[in-house]
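Heads up, there are several structures right after this.
Shared chain: chain A. Partners: chain B in the first complex, chain C in the second.
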Partner chain A sequence: GACRVSMSMAEIRAGFTAIKANIQSRDPIRTLSVLSHPHSLHKVKSSDRCCITHHLFTFYVDRVFKHCKTEDSFVNRKISSIANSFLSIRRKLGQCREQNNCVCGEESTEKFKQILANYEGLNVTSAAMKSLGELDILLDWMEKSH
Partner chain B sequence: TDAFLPAPQNISILSTNMKHFLTWSPVIIPGATVRYSVEFQGEYEREYANESWLPISECSLSTATVCNLTEDISASVPYRLRVRALLGAASSPWGTLTGFFNRVTTSLTPPVLKVVADGHHLLVELADMGPAFQFHVLYWKKGQESRVKQKVVREVSSVVHLDTMEAGAEYCVRAQAHVEAINRSSSFSPTLCVRAQGDISLWL
Partner chain C sequence: SGELYCSLPNPRNVHFESINMQNVLHWSPPEGTGKGVLYKVKYSVYGVGKWIRKPECRNINRTWCDLSSETSDYEEQYYASVKAFLNGMCSDWMETTRFNPLTDTKIDPPMISVSSTDKSISIILTAPEKWKRSPDKESVSLLQVYPGLQYNVSVLNKKTKKRWFFSISNNTLVVPWLEPGTAYCVSAQIHVTTPLLDSGFSKEHCISTLKDK
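Up next is the complex of A and B:
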């Protein structure tokens, strides 16, 4: 189903852009992807977007950001602003899912399971840093598909 | 030695047009230079990161009694803020802002605008209020208040062309600022009116 959720993508992207190089430099395994392997997010059907977006935001809030603490105060502050933005948006997406009864179709459920499998295939810190480093993949997909 | 150094008092937030400042009263120790450090905690830190606090380096070891939080308060969630005094190796207890601060409560002032009649062209110039802002500009021909037109202006880098005016007619403009991130608008600016250049009659 459709979800019209106001979110300040520009602020999230600005926060991510400020630390992208730093985060991606902490990800030694460049041949693997959490979000894009084996299939890109762009294959998700439009009817499933609301549901899988909510799943992805929950994934980042519950499992990714907490394992991304660094020794760099500036990076930690930017991660905090992204995490708090994700928390705010996740809440709106959750409300929207309930109202519109957005359910994930089989394909996108499979896609999300694959993302979790990719994530769990690595040690948690590497997986979290890789997922954070791939945030622009998620942001690009969201902007293109919304 | 902590009793020697009291926690900062009168801690408050000044938030206008999506710029957020923490202020507090100075801790006075005769003959000494007291410095401060400031930390923030978002809802994410409370719920998912063991209620951890993050220091704001620009305000650490500073003697100023104000700290710009704008860069760090960049989500519409409740934040907690605290400040302590530092003197040499001694540090005071934390002084914590009462309650929470959420940027959705920032106060929004009406935009500052300049309206220009450039021949038959109705132009408006808007003062920049920051990246989070866009403007709803209303304009109409005087006497035709029922036929108000609207233009949404997202970039204020240049003068905005609103309309081509009828010769000699008077046109009026007013505007409000809107912040998409918090889904709120300011009140409207005062109405400004200009008169279009009259037709030039040529004697042949």
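Up next is the complex of A and C:
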């Protein structure tokens, strides 16, 4: 069956919009992207979407949010609120995986490897801040394709 | 590239202004420079390595540049930059923040057409079109860009000043059980939940229900 997960997209979106300018201003590297180049998320086949989504939520929970502490308490609060939403969605996606409703094919694994390679091409803090600044790329793709 | 000595004050407030994804770069002149300043513009796709010059905005004296063609792919994000020149001197390149056409555009109100019977009015709403390069190009409705697009509709009884609000996803609305021979005014707004985008309310369209037979 299909993997159906309820998500508070509007809430996540609002949280990110509130800190977008702040976070993106901390990422001076215009010529590299973690999520969108060289391969765009928008080219992912529908059959791979669930798996890529699960990979990405795991990636953000395990490798992004924890490296994004700032000196601004407002920004930090918004980041932890987004992180909590991601944690709960990741758990639901994990249940889908266990019930075999979120199968990972070769293409999604390959796509995710590219994302990790982009991330690992930078030092951890820069990579995490860049990834957080690209959250709207993930949200745009999810809203368009899900 | 034989850059001149850049001690001219910088262009200020370099930013995109976008309506229905017509994406125009705007800026303010450098402080205290008066007339004669010329500008050039470049842009880049976020995540891609190179800046691209905009020939139509080279040595211009206006303080805007339409980059709609260059930023029409709303699955990408962009930066743009402006440099000023005056009397052999130049400024630094001044950049925008990261521009996401999908979330950073403003949406015009919907177009409305209304008709009436004696006891009801019918409202047809049309979402604006995404900006397009030329009239002969294929039109793309913003409904296709924002699948979750909805309409908030306000209906006012001009006699009793009573107002109703409706929130609908499809583009037609029939308001029944109205008073014959009465003027009603309709206004509508576009609402996109995520990303959160609201148009203003449209101009009011007034119509009278037919008199009782």
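In the analysis below, the second predicted complex is superposed on the first by the 142 of 146 C-alpha atoms of A that agree within 3 Å, B and C clash if a C-alpha of one lies under 4 Å from a C-alpha of the other, contacts with A are read in each partner's own complex, and residues count from 1 in each chain.
The rule we apply is simple: a contact is a pair of C-beta atoms (placed from the backbone, for glycine too) under 8 Å apart; a residue touches a chain by one contact, two chains touch by 3 or more.
All values reported here derive from a predicted model rather than from experimental measurement.
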Considering only the touch criterion stated at the top, classify A:H37 as touching first (chain B), second (chain C), both, or neither.
second
Give one of first, second, both or neither to describe whether A:S88 is in contact with chain B, with chain C, with both, or with none.
first
First, second, both or neither for A:D136, with chain B first and chain C second:
second
Which of the two partners, first being chain B and second being chain C, lies in contact with A:S80: first, second, both, or neither?
first
For A:V61, decide between first (touching chain B), second (touching chain C), both and neither.
first
Does the superposition put A:A10 against chain B (first), chain C (second), both, or neither?
both
Overlap of the chain B and chain C interfaces on chain A comprises residues 10
Okay, in this complex, where on chain A does chain C touch?
9-10, 13-14, 17, 21, 24-25, 30-33, 36-37, 40, 42, 133, 136-137, 139-141, 143-144
So in the complex, which bits of chain B are touching chain A?
40, 42-45, 47-49, 54-57, 71-77, 79, 131-132, 180-181, 183
Mind listing the chain C positions that touch chain A in their complex?
44, 46-50, 75-77, 79, 97-98, 100, 102-103, 147-148, 193-196
If we count contacts the way the header does, which residues on chain A are in touch with chain B in the complex?
6, 8, 10-11, 15, 61-62, 65-66, 69, 73-74, 76-77, 80-81, 83-88
